[in-house]
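See below for the structure under consideration.
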Amino acid sequence: MSDQTGLIWPAEGNARVPYRVFADPDIYREELSRIFLGPTWQFLTLAGELPNPGDYLATFLGETPVIVTRGHDGEIHAMVNRCAHRGNLVCLKRRGHADNLTCVYHAWRYDLEGNLDSVAFRRGIAGKGGMPPSFQLAEHGLKKLRVDRFGDLVFGTLSPGAPPLGDYIGNLMGSRIHRVMHGKPKVLGTTSQILHNNWKLYFENVRDTYHATLLHSFFTTFRMSRLTSEGGVDIAENGAHHASYTRNKVDRVDAATSDQLYAGIPSLRENFRLAEPGFLSMTEEFGDDTTTQILSLFPNFVLQQIQNSIALRLVLPKGPDKTELQWIYLGFEEDDAAMTALRLAQANLVGPAGYVSMEDGAVGNFIQRAIHGSEGECSVLEMGGAGHVSEANRTTEASVRSFWHAYRPLMGF
Amino acid sequence: MARRLELEQLYADYVHCLDGDELERWPDFFAEDCFYRVTSAENYEAGLPLGLIYATSRNMLKDRVSALREANIYEPQRYRHLVSSIKIVGDAGEGLDLVANFLVVRTMQDGDMTIFAAGRYIDRVVCDAGNWKFTAKSVVLDSRQIDTLLAIPI
Amino acid sequence: MARRLELEQLYADYVHCLDGDELERWPDFFAEDCFYRVTSAENYEAGLPLGLIYATSRNMLKDRVSALREANIYEPQRYRHLVSSIKIVGDAGEGLDLVANFLVVRTMQDGDMTIFAAGRYIDRVVCDAGNWKFTAKSVVLDSRQIDTLLAIPI
Amino acid sequence: MARRLELEQLYADYVHCLDGDELERWPDFFAEDCFYRVTSAENYEAGLPLGLIYATSRNMLKDRVSALREANIYEPQRYRHLVSSIKIVGDAGEGLDLVANFLVVRTMQDGDMTIFAAGRYIDRVVCDAGNWKFTAKSVVLDSRQIDTLLAIPI
Amino acid sequence: MSDQTGLIWPAEGNARVPYRVFADPDIYREELSRIFLGPTWQFLTLAGELPNPGDYLATFLGETPVIVTRGHDGEIHAMVNRCAHRGNLVCLKRRGHADNLTCVYHAWRYDLEGNLDSVAFRRGIAGKGGMPPSFQLAEHGLKKLRVDRFGDLVFGTLSPGAPPLGDYIGNLMGSRIHRVMHGKPKVLGTTSQILHNNWKLYFENVRDTYHATLLHSFFTTFRMSRLTSEGGVDIAENGAHHASYTRNKVDRVDAATSDQLYAGIPSLRENFRLAEPGFLSMTEEFGDDTTTQILSLFPNFVLQQIQNSIALRLVLPKGPDKTELQWIYLGFEEDDAAMTALRLAQANLVGPAGYVSMEDGAVGNFIQRAIHGSEGECSVLEMGGAGHVSEANRTTEASVRSFWHAYRPLMGF
Amino acid sequence: MSDQTGLIWPAEGNARVPYRVFADPDIYREELSRIFLGPTWQFLTLAGELPNPGDYLATFLGETPVIVTRGHDGEIHAMVNRCAHRGNLVCLKRRGHADNLTCVYHAWRYDLEGNLDSVAFRRGIAGKGGMPPSFQLAEHGLKKLRVDRFGDLVFGTLSPGAPPLGDYIGNLMGSRIHRVMHGKPKVLGTTSQILHNNWKLYFENVRDTYHATLLHSFFTTFRMSRLTSEGGVDIAENGAHHASYTRNKVDRVDAATSDQLYAGIPSLRENFRLAEPGFLSMTEEFGDDTTTQILSLFPNFVLQQIQNSIALRLVLPKGPDKTELQWIYLGFEEDDAAMTALRLAQANLVGPAGYVSMEDGAVGNFIQRAIHGSEGECSVLEMGGAGHVSEANRTTEASVRSFWHAYRPLMGF
C-alpha cells in the first residue's frame, strides 16, 4: 500500500493523523476497495422497511450500489445493483415491490435472491442469434452480499473474510444497541445531509466525546450534557466501534464547580434561555438513567439516543471531499401519543437543523478547507493520552484514536 | 381580489423578512397558536410526521430564532426566496388553505451561490384584526437532501 | 384587472398540475384543437419548426401522458416551476397572446437538484365558458441542451 | 390596486426587455435624470458607494448599451429574470420606493445554464404622464462574486 | 499503452469489456489523442450549413475545438480553433460569417483556410518593438484538418494516417447512407442532449440491435419493430461501422408467435393504445420497405431513419463520464407540406423526449453509476456468439462487438 | 521536478510556453507549494482594513487559508487559518473583531499573534482525562507567516527563504507604487470575479502590454491609450515584476499616422461615440502625465491606475482552471467630492463590467478551452524579441516573458 500511495504514518501512531488521508484521491479509492468492499459489516436497512416478500430498496456499500430484498423465502437478501449482462442498474427506484428483478435494458430477469432466471431471446429467433450453448444462467447471477441481522438492524458485506456479525459487533456494543432498540421500531421520518468533507472527518466527529459540550451550546447551557456529568466511552472488544454515554442527572462535580470549569468557554451562554424549554425534559424509557448515548460501528453506522430522540445515521462516502449522511428517526410501535409528540419535539435537537447537531454538518467542511496546503501535517489526538480503550470519562479522544486503530491495518498504514 | 393582493403581500413580506435577516420579526407572521414544520416531499407523501424544524407554537419559533442568534454556530449566509403560483385551495371555516411554489438560493460569505431549496408552501392563514397570520405552515422540500445544514428558516 | 388575476391563476394551476404529478389533468388546460411544442430559443429564432415535444391536438397531449405512464421508462423525478413576469402582448380576435418567464428545478429521487430549464412561454389563450384554455403554447427554452432526457412536460 | 398591477407590469416589461435582448429600449425605463448601479450586498451594507455599473443619467445608460453593441467583446449569452415579492416600502413625495427579489439564470451559446445573479432591486419610481419610470435603481447582488464578466445589465 | 494504463484485455476478446474503460480518466485521455486526434474520420457538419464563402461554424474533434469554414475558393476547410500566437479561440461564436478570421486578443488575422495573413504591429512602431525578422507568417497558421465530403456530409481528421474517406466508410455503409440521404437536406431543427456517461456507453447503445424492442415499448407494442420482424445488421468492410435495419412489414414469424416470443417481456404492453396513432404510419420514401435503419460510423457519427424521421447524431466526449449528443433533424427540400408535417410529428419518437429514444438518454448513466467498485469486472457480449460480421438477424451483439474490434487496436488493448 | 511532472521546457526559453502548464493538475499542485507556499511575498491586505487591535480578516496564500490580525501590540500578524489541534478553521468569518482567536470545535484559544493560550479541559476533570503532561502549549501555536508592509500594503510569506520585502519589490517598482499610493487609501468598494482559467493566464494578460489597445476598443477609439502613445514597460531589478505605463497626451506619431497604424484593426471603431464622454477625461493627480499604469508583483498582486481609477487586484488560484480575482477600488481620504464622483464614474472602465477590462474576464477562459488536445504545443512570445528587460515601448511581450523568467526557476523548469 505504502508503495501505492507513499503514505508513511507518523511514529506517534493513533495520536497523529496526517491531513492527507482526508484529501488524497488515491487513498480514497483504496478505502472504497479495502474498507467498504472489504472485511467490514455495513448497515443496510431496518428489517421492518421490507415487510413483505418482493419488497426491495436500493442503497450502497461505499459507492457500490446495492439492492436489498425480502425474498419469497421470507429472508432478507442483498446483491450488487449491477446487471450481469452489460452492467445496468437492475433496480432504478430507491424502493419498491416486485416479484422479480428485471433489467430494463434487455429484460434479463433475476429472482429476488439475485439468481438469473431468464435471458430474453436466449435461444434466438427461428434458429438465428441468441446466446451460445456454453452460456449458463447459473454463472451470471447478481453478485451477492453476505447478509445478517442484529435485531432489527440488517448488515451486509461483500467480503468472505468478515467475521460473523455477532463477533464483529461484540457484546459491549451489542448490549448498548439492545438498550436503545427496546421495541418494535417505527420510522418517524428520514432526511439526508450532504457534507462537503471526507467521510472520516464525520466519523471522527461522531466518536469525539471531547467536542460535544464545547461546540454545541445547548448541551452545556441547558445542562443536557457536560463533561462534568457522569459518563464515559466504551470501546468494542475488537477496538473498532464505540459508544459514548452520559448520565447527566448524576454530576461528578457540583453545579458551581461545573460552571466554573466551563467559565470562559463560549459554549456556556449565561443569558440564553428558552421560552418553551419543556421539550428538553426527558421521559425515562431505558431504565438506566442514561440521557445520551452515541454509538458507532465501523465504518458507516451510528445509533443515537439523545434524551428520547432516537436516530440511525448512515455514512456514505461520495468522493474524497463529499459525504452523504442519511438519518432515520425512530420511535417504537409501543409509543403512546405523548411519547411520539416528545420525540417529534426533540427531533429539533438533531439532524441538519438540530440545536445540538447543526454544527457537525459544517465543521468537517471547515477542516477540509483548512488543510489545503497542509497535507503534509498532522492533527493531534492526545486528549486523554494515547490509548484507545474504554474510559469512565469523556474528556478524552480515546474513541477517535480507536477509529484509526481500526482503520490503519485495513489500509496497510 | 383585494384579498388576493393582500395574500401576495403576506408572502412578499414573509420572504423579505427572512432574506433581510430580520428573523426577530419572523414569528410575528404566525398566530400564537400555530404549527410550522420543514420536511421533505418524501416524508410528506409517506405521511411521516417528522419535521427538520418542528414547532407547535409561536414561542417555539421564537426559541428557534434566539438559538440561531445566541447558541448555534454557522457560517455567514443569506437566502433569496423566489415565490410564485400562490393559489387558494380551500376556504374552510378555520381559515384559507394556500399553496405556493418557492425557490431559495443560498449565498455564502465568499460569494458561492447554490439552489438550497425548492418546493411548496402548504399553508393555512386566518385574518386577525386585518392582518393575515399563518396558523399552519408546512415547508415541503422537493429534495430529501439538505446541503451542509439548515439554519435560517424557509 | 379581474382578467389579469384569472390569467395568473391559469398559470398557477398549470404549474401546480405538472409539479404535483397530476399529468392526467394537464391536457385539460388546452383547447381540443391546440398546438403545443417544446423547443429551444435557437430553433425558435431561426424559424425552425421542430419541437422536442410536438402536438397538434389535445389528443396528442393525452397520448404523451399515457406514454409516460404506460410505456416510457425514466427515473423518478419531480419539477418545480417558478413563473414570473406574465405579460399580455396581444389581443387579436382569436384570443389573447401572452408571454411569461419560467424556471424549472428538477429534483431526482436521491435528492439531487438542478436547473433543468429556463425560458419563455409564448402562448395564446381563449376564454371558453368562463375557463381560460391554451390554444397554442410554445415552451421556448433558453438552452439548446437537455440534461439526460425530457419526460415530464413543461 | 390598479397601481400595484401597473407596477408589476413595469417589472415584467423591464425584464422582458433585457431577456429579449432589446437593450436599446432599456434606458427608456428610466427618467432622464436617474441613478442606476449594480453592487453587492457587501458593499451596500457597508455603505460603500462603488457600482460595477454606475450611471447618473439616462445618457450613461445609453452609452452602456452602445458600448455593448459597438465596443465590448463577450461571448453570446442570454439572461432569464425571475422576479417576485415586489413590495412598496415607501411613498415619499418624490416617488414610490419599491423592493423586489430577482434571480437571473444566464445561458451561454453552448447551452450551459448557471445562476448568474440573485438579489434585490431597491428602486424608486415616479409616474410620468401615465408611465412609470425608474428615477433610481440599485441592483443589490447577494453574492460578492461575478462569474466571468457582467455585460448585460440586470 | 498497457504500461501506461495497465489494462489487460480479457482473453474472451470482444465478448468481454472491462468496466474500467468507461470510468478511468487515464484511458479517457488516451482516447482523446489516439482516437479523436487519431486516424479516424469524424463528422463535422452538413455542407449546406455553410452555403456561402465566409460562413463558418465551431465544433469539436473530441474535446479539441475546431473551426469549419467555406473558403473563398468555395471549398470547405477546417482548422483547430486555437490561435497560433497565444492559443486564444479564434472563433468565439458557434456560427457566423466573416471575410477573415481575426483573433480578438491581439488581432492576428487568418484567411478562411487558416493561413496567417497579418500580425498586428508586426514591424513595431517607429522602429521599436514588433516581431523579430526571423518570424515567418507561413510558419504560424492555424493547424489544419484534412477535410472530405461524402455527399452532403462533411468529415475531418487531424491524422495524415487516416485512409481516404471513401475507403474509411466503405461501400456497404456508403450505399446505406445514400438510401437515406436521397434529397437535398433541409434542417428541421436541432437539439443537444447531455448524457452523464462515458461516450462509449452511448455508442454501444446505438449499435445494440438487441435492446431496442426490449427497452423501448413503442417499438414492440405498436409493432413498429420487433426482433421477429425481418431485419439484420451490416458491419462495414473495415469492421468499424454498422447499420441495423428492419423491414417490419415482413415478419419472420406470424404475429401470434411474435407476441408469444415477447410474452412476459415488459416492453410488450398489452393494453396500451394511443388516441391518435396516425403519426406512426410511414410514408414510403426510400423504395425498399426498410422502416428503420440506424447507422453509425466510428467513432462519433450516427445516421438515423425511423419511419420518416431522419436525424444525424454527433457524439462528443466531454469527460470520462459526460457526453454531449447533438441532434440534427432533417427533411429534404423536395418534401411537400404533408411530408414535413409527418416528419415533425414523428420527431416525437426520437431525441431527448422521444417515445423510442428517451430511455437511451438515461441507460448509459445507469451503467455509469452501477459500475462504481466493479471496475475490475466485465460486461458480457455473447448474444449471437463472439463474431462481429454482418448478420441477417438482430438478436445479436455483433455490431457492439465490432465497436470494440475497431477500438482495441487503436488503443493498444 | 521534471521527474515528477516530466515537463521539458522548450529550447526557445521564455519565448515559448507549453500549454500544458495551464492545464496539468500535477503542475498546479507543485505551484501551490513551490510558488504560493514558497519564497514569494504575497499581498494580504491594506493596513487600513485592520485599524484596531483585535480586527482580523481571512484570506489565502494560494489555496492555504490565512488569518491576518491587528495584534494588541498594534502590529499586523498573519497565521495559517488551521487549528493546531484537529485542523479546524479558527476564523470562520471573512472579517471581524475579537480579543482572541478561539476555535469553535474544542475551544482551544490562541492570542492575536497565533500563540496557543489555553486548551479546554487540558487538565481533565476530577483527575481523569485531559492532555498528557508532555503537552506544551508553546509547541502548538498556529503556523505563523512573515509579515511586512510596503506603505499601506501588507504582504506575507511562509518562506524563511524569501528576501526582505523591500529587496523583493525593488526600487523601480517601489517608486511606481508610491506615485499611485500618494495619499491615505479609502476603499470605495470591492468585488470578486471568478475566472474559469488557470491563474497564469490572467497574470500573463495583466502583464501583456501588447493586447490592451487591440482587445479593448475604448482605449483605441477614444485615444485613452494607444501603442502609438508614449509609454513603456519597466521590469523590476529581480526580473519578476512589471509596470507598464502610458502618457497618452504625448504621441510618438501624429494622430493621422496613429489612425493609419490601427487601420483595419477591429479595436478602432470609427463611428462609435458616447453621449456622455465626460467621465473619460482625467484630473491630474500624480504630477507626471502618466495616464495609465498597470503594475504587477509576482505572483499575485496588481496595482492599477487607469486615469483616476485606482484599484488593487489580488489573484487567487482555485484550481488548475479556476481563479478568483479580487478587486479593491481605492480613493484617498484627501479626495474632494468631485474627485470621488470621478473615481466612481471611471470605475465603469474596470472590473467585471469595465469598458476596458470586461474582455480580460473571458479571454483566459477562451484560451483554457482552446488548448484541449494541444497540451503538447506552445504559445509564441516573440513580440519585441526574446528579452525580458525594461523597454520604452509597449509593442512587446517583454513583461510576459519576465513572468516566465521568474516562474521557471521556482518550478525547476
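Per-chain numbering from 1; labels A, B, C, D, E and F assigned in written order.
Going forward, contacts are C-beta pairs under 8 Å (C-beta built on N, C-alpha and C of every residue); 3 or more make two chains touch, one makes a residue touch a chain.
No experiment lies behind these values; they were computed from the predicted model shown.
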Intersection of the contact lists for chain C and chain F: A, B, D, E
Between chain A and chain D, the fewest steps along chains that touch one another: 2
Interface numbering overlap (same over half, different under half) for chain A and chain F: different
Chain pair with the higher count of C-beta pairs in contact (E-F, A-C): E-F
Separation of chain B from chain C, taking each centre as the mean of its C-alpha atoms, in whole Å: 27
Intercentroid distance (Cα basis), chain F paired with chain B, Å: 43
Centroid distance [mean C-alpha coordinates] between chain B and chain A, Å: 31
Sites on chain F at which at least two other chains make contact: 92, 104, 192, 215, 359
Sequence positions of chain C contacting 2 or more other chains: 1, 73, 75, 82, 84, 103, 110-111, 115, 144-145
Touch-based graph of the chains, sorted into line, ring, star, complete or other: other
Those chain pairs that satisfy the touch definition: A-B, A-C, A-E, A-F, B-C, B-D, B-F, C-D, C-E, D-E, D-F, E-F
In the complex, chain F residues that touch chain D: 187-196, 215, 217-218, 221, 269, 271-272, 274-276, 279, 324, 329, 340, 344-345, 347-348, 351-353, 355, 358-359, 361-362, 365
Residues of chain B touching chain C in the complex: 1, 4, 41, 82, 84-87, 99, 101, 103, 115, 118-120, 142-145
Touching residues (chain side chain A, partner chain F) in the complex: 19, 204, 210-211, 214-215, 227-228, 252-253, 261, 265-267, 359, 363, 366-367, 369-374, 379-386, 391-396
Residue ranges of chain B touching chain F (in the complex, touch as defined): 73, 75-76, 109-111
Interfacial residue positions of chain A with respect to chain C in the complex: 92-94, 104, 192
